[in-house]
Amino acid sequence: MTATICGSYDEALADTPDGATVLVGGFGMAGMPVELIDALIRQGATDLTVVSNNAGNGDTGLAALLVAGRVRKVVCSFPRQSDSYVFDELYRAGRIELEVVPQGNLAERMRAAGAGIGAFFSPTGVGTPLAEGKETRRIDGRDYVLEYPIKGDLALIKAHLADRMGNLVYRKTARNFGPVMATAAATVVAQVERVVPTGDLDPEAVVTPSIYVDRVVPAAHPEEASA
Amino acid sequence: MTSSTGTSTGTEPRTKHEIAAAIAHDIVEANPGGAYVNLGIGQPTLVADHLPEGSGVVLHTENGMLNMGPAARGGDVDPDLTNAGKIPVTELPGASYFHHADSFAMMRGGHLDVCVLGAFQVSERGDLANWHTGAPDAIPAVGGAMDLAIGAKRVWVMMTLLDKAGRPKLVPECTYPVTGVACIDRVYTDLGTFAITPDGVRVLEAHGRTEEELAELLAPVRLV
Amino acid sequence: MTSSTGTSTGTEPRTKHEIAAAIAHDIVEANPGGAYVNLGIGQPTLVADHLPEGSGVVLHTENGMLNMGPAARGGDVDPDLTNAGKIPVTELPGASYFHHADSFAMMRGGHLDVCVLGAFQVSERGDLANWHTGAPDAIPAVGGAMDLAIGAKRVWVMMTLLDKAGRPKLVPECTYPVTGVACIDRVYTDLGTFAITPDGVRVLEAHGRTEEELAELLAPVRLV
Amino acid sequence: MTATICGSYDEALADTPDGATVLVGGFGMAGMPVELIDALIRQGATDLTVVSNNAGNGDTGLAALLVAGRVRKVVCSFPRQSDSYVFDELYRAGRIELEVVPQGNLAERMRAAGAGIGAFFSPTGVGTPLAEGKETRRIDGRDYVLEYPIKGDLALIKAHLADRMGNLVYRKTARNFGPVMATAAATVVAQVERVVPTGDLDPEAVVTPSIYVDRVVPAAHPEEASA
């Protein structure tokens, strides 16, 4: 199935089921698919597991999804931030589950999901509370902890440009989790600044090949979708 | 889903081009929105010639490219642009290049829709043998065969039903060393097309043989 | 290798800028051909201000960039270009961008020469505690800390030697939850610079304290 | 240590020790660092383990290294080719060891070495003779075989362009094993068509970041090295 260029954020997320595991790109605001998150709130799916580096800032984006009561569990590396009061309150009230994962394990576990790896021995977290209860092994004189893939039902990511096939390029450090999340979810939705004609992206510089992308929503010119 | 190019059961064995056309037809039919496909070295590459214009089928080559075009000719030949068989090929608009680890991650992660491979043998439970004859003096060489065997949502085989000595290649149990276990779900041959199902092997089409003749030829393979 | 900016042992405690300068000096001295360096969030970022022109030091930020430049100002601010502390930064010639899995592979694979981190505590065998105070009501948040702790050929700590209550942060055993085990090989503080060695902690420099006073302050940590 | 631009292939390999494990890029001739292999032959290091996709063709490149008796063991996916007679003879005479590794495991094992992964459960090879004696595990209903990293002392790769810092870009399918081998060896030597000024490569399109590259040898204009 090659990618579909969608006319709206809402169209792209219309079929999101309750209970889905949703990978959400971004590191801080860079690469954060804010418009897709807003559409997910409008769409109404609930009982979600959200996998993202952070757990929302202020009252918008992920925080708004949390406020709306749609999220059962957050898997992230860094929930606690200066303005993560929405998550903090829900967490302290016991109304949301949290799995804290070291950032490198978070990325590598999604990479494993995308690459068909069943599990891997990670050098990160050994001897720490985050490895408690996990299988460890000494290999070639170094200790490792066994980590399992994190697979999404849905990934929401933000890229810079897409071509009509769904090839993606990113901008600077907004690339962050986008490419790895794109490999790790059954359905991948990318919001982009613009959709360019197929052939306009340099094949040597494509970061996310079209095979990983199911739906693309252009921001600047949504009317392009019907072109 | 019905199989093949409109026809059901033929009275003549299929040529390799006819098999390739049937596979191309079925890829398109099973994937109306387009498909990402890897065609193994050798006869499976013939499938590309039968994909209709606008089918949305995108070809992957495991040496690091999506949207591979036809073989290169004359001035188009670029030694830096080959397929997995090391034959010079071309690039279509929308192509992308990636390194070997990323390319095999794409396969092993199950992102391709269909992979078509040649085979020495396929067992009735879908084991594939296509990398090694088992001859004691043969130098083992596997290439990407074991990754391709498990490297797509559906892995299909294209082969002759009988070997040169007339023995069936669809067998109860592979006698050659296997490439992958329970990984094949369809087998396209000159004499028939077969689906590997949990209940056994189902004849989808027969060519130049009746279903009864195929059952006799393949026994003790369970046909259902 | 001698430590610090030319001086050996000072009579005054070092300011954070002096500590940063000493670290910058030692990075350059230990890596005359240039170095790939990650500076942790907070005070370690000050080290960048003290790297001399032409040092060949290339800064990595774990959110996916090599050859990061100074903080962006005014019209240079680009929301798509930040460091790991989410502060807008700039790009130097020769920069490259990569995704999070590639960036952390770079760290975890041991390709960085030096990583400089802040700490709550460092143990005498080089355990690091810098992610969690252990307070029962604290919301756990680790970010990249555990990857950084094991993410370079040499991992150095920059901190005050004493906490706000006057207790040493270089300790026999971390009482806070650890970030990494036996991962720190040098500790730069206001009162002294310490090498973590297999035999114990060695005072490389003392500032505003004599070595004897440091030994008394840090006991029962083994100073060698 | 940032990359050194070398004036000759020989200079780049002068310190290669006997017994080294050498990763050699290329898939067929695409990406094959032929001039570096020739320099390795001249340099004389012996008792080498060579990790490469193939085991040499004809009489040149890897095959010439094998003929010279410098290679103790070959780790590759596909030694047997129409013109691999040099390897074939040595192998049949018992004068060279062979470890055959499925191509995807070969790439992923080097990727693991570069990424600090201690070992990983691979979906490839399960139930085949190449998994015999290896640890297997069923995870989430699927069988996997445990595979370990392959680390090189030296990697010889071919790229298209380098900048003076050592950032690399490749050409088309000649990219193949280069980027992953560059992450997996202690010393990485890249032969390139040309060295361009730092800043001339698009930071979004760099494939191998300079951190992975130790030495660069330009082909077209070796005099650049002294510039």
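So that you can tell them apart, the chains are marked A, B, C and D in the order they are listed, and the count of residues begins at 1 in each.
The rule is simple: contacts are C-beta pairs under 8 Å (C-beta built on N, C-alpha and C of every residue); 3 or more make two chains touch, one makes a residue touch a chain.
Bear in mind that the values here come from a model prediction, so they are computed numbers and not experimental data.
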Steps needed, at fewest, to go from chain B to chain D via touching chains: 1
Winner on C-beta contact pairs when A-B is weighed against A-C: A-C
Length of the line joining the C-alpha centres of chain A and chain B, rounded to whole Å: 34
Whole-Å separation of chain centres (CA-atom averages), chain A against chain C: 30
Distance between the centres, which are taken as Cα means, of chain D and chain A, whole angstrom: 33
Distance from chain C to chain B - Cα centre to Cα centre, in angstrom: 54
Interface hub residues of chain B, defined as touching at least two other chains: 91, 97-98, 105, 107-108, 150
Chain D residues counted as touching two or more neighbouring chains: 108, 111, 115-117, 122-123, 170-172, 203-204, 207
Chain pairs that touch, as defined at the top of this document: A-B, A-C, A-D, B-D, C-D
Chain A residues within the chain D interface of the complex: 108, 112, 115-123, 137, 139-140, 142, 144, 148, 169-172, 202-205, 207
Of all residues in chain A, those that touch chain C in their complex: 27-31, 77-81, 87-88, 91-92, 98, 100-108, 110-111, 122-130, 143, 170-180, 207
Of chain B, residues touching chain D in the complex: 61-65, 78-82, 86, 91, 97-101, 103-105, 107-108, 127, 132, 137-147, 150-151, 177-181
In the complex with chain C, residue positions of chain D that touch it: 1-2, 4, 111, 113-117, 163-165, 167, 183, 198-199, 201, 203-204, 206, 209-212
Contacting residues of chain B [partner chain A, same complex]: 31, 33-36, 56, 58, 60, 66-67, 91, 93-98, 105-113, 150
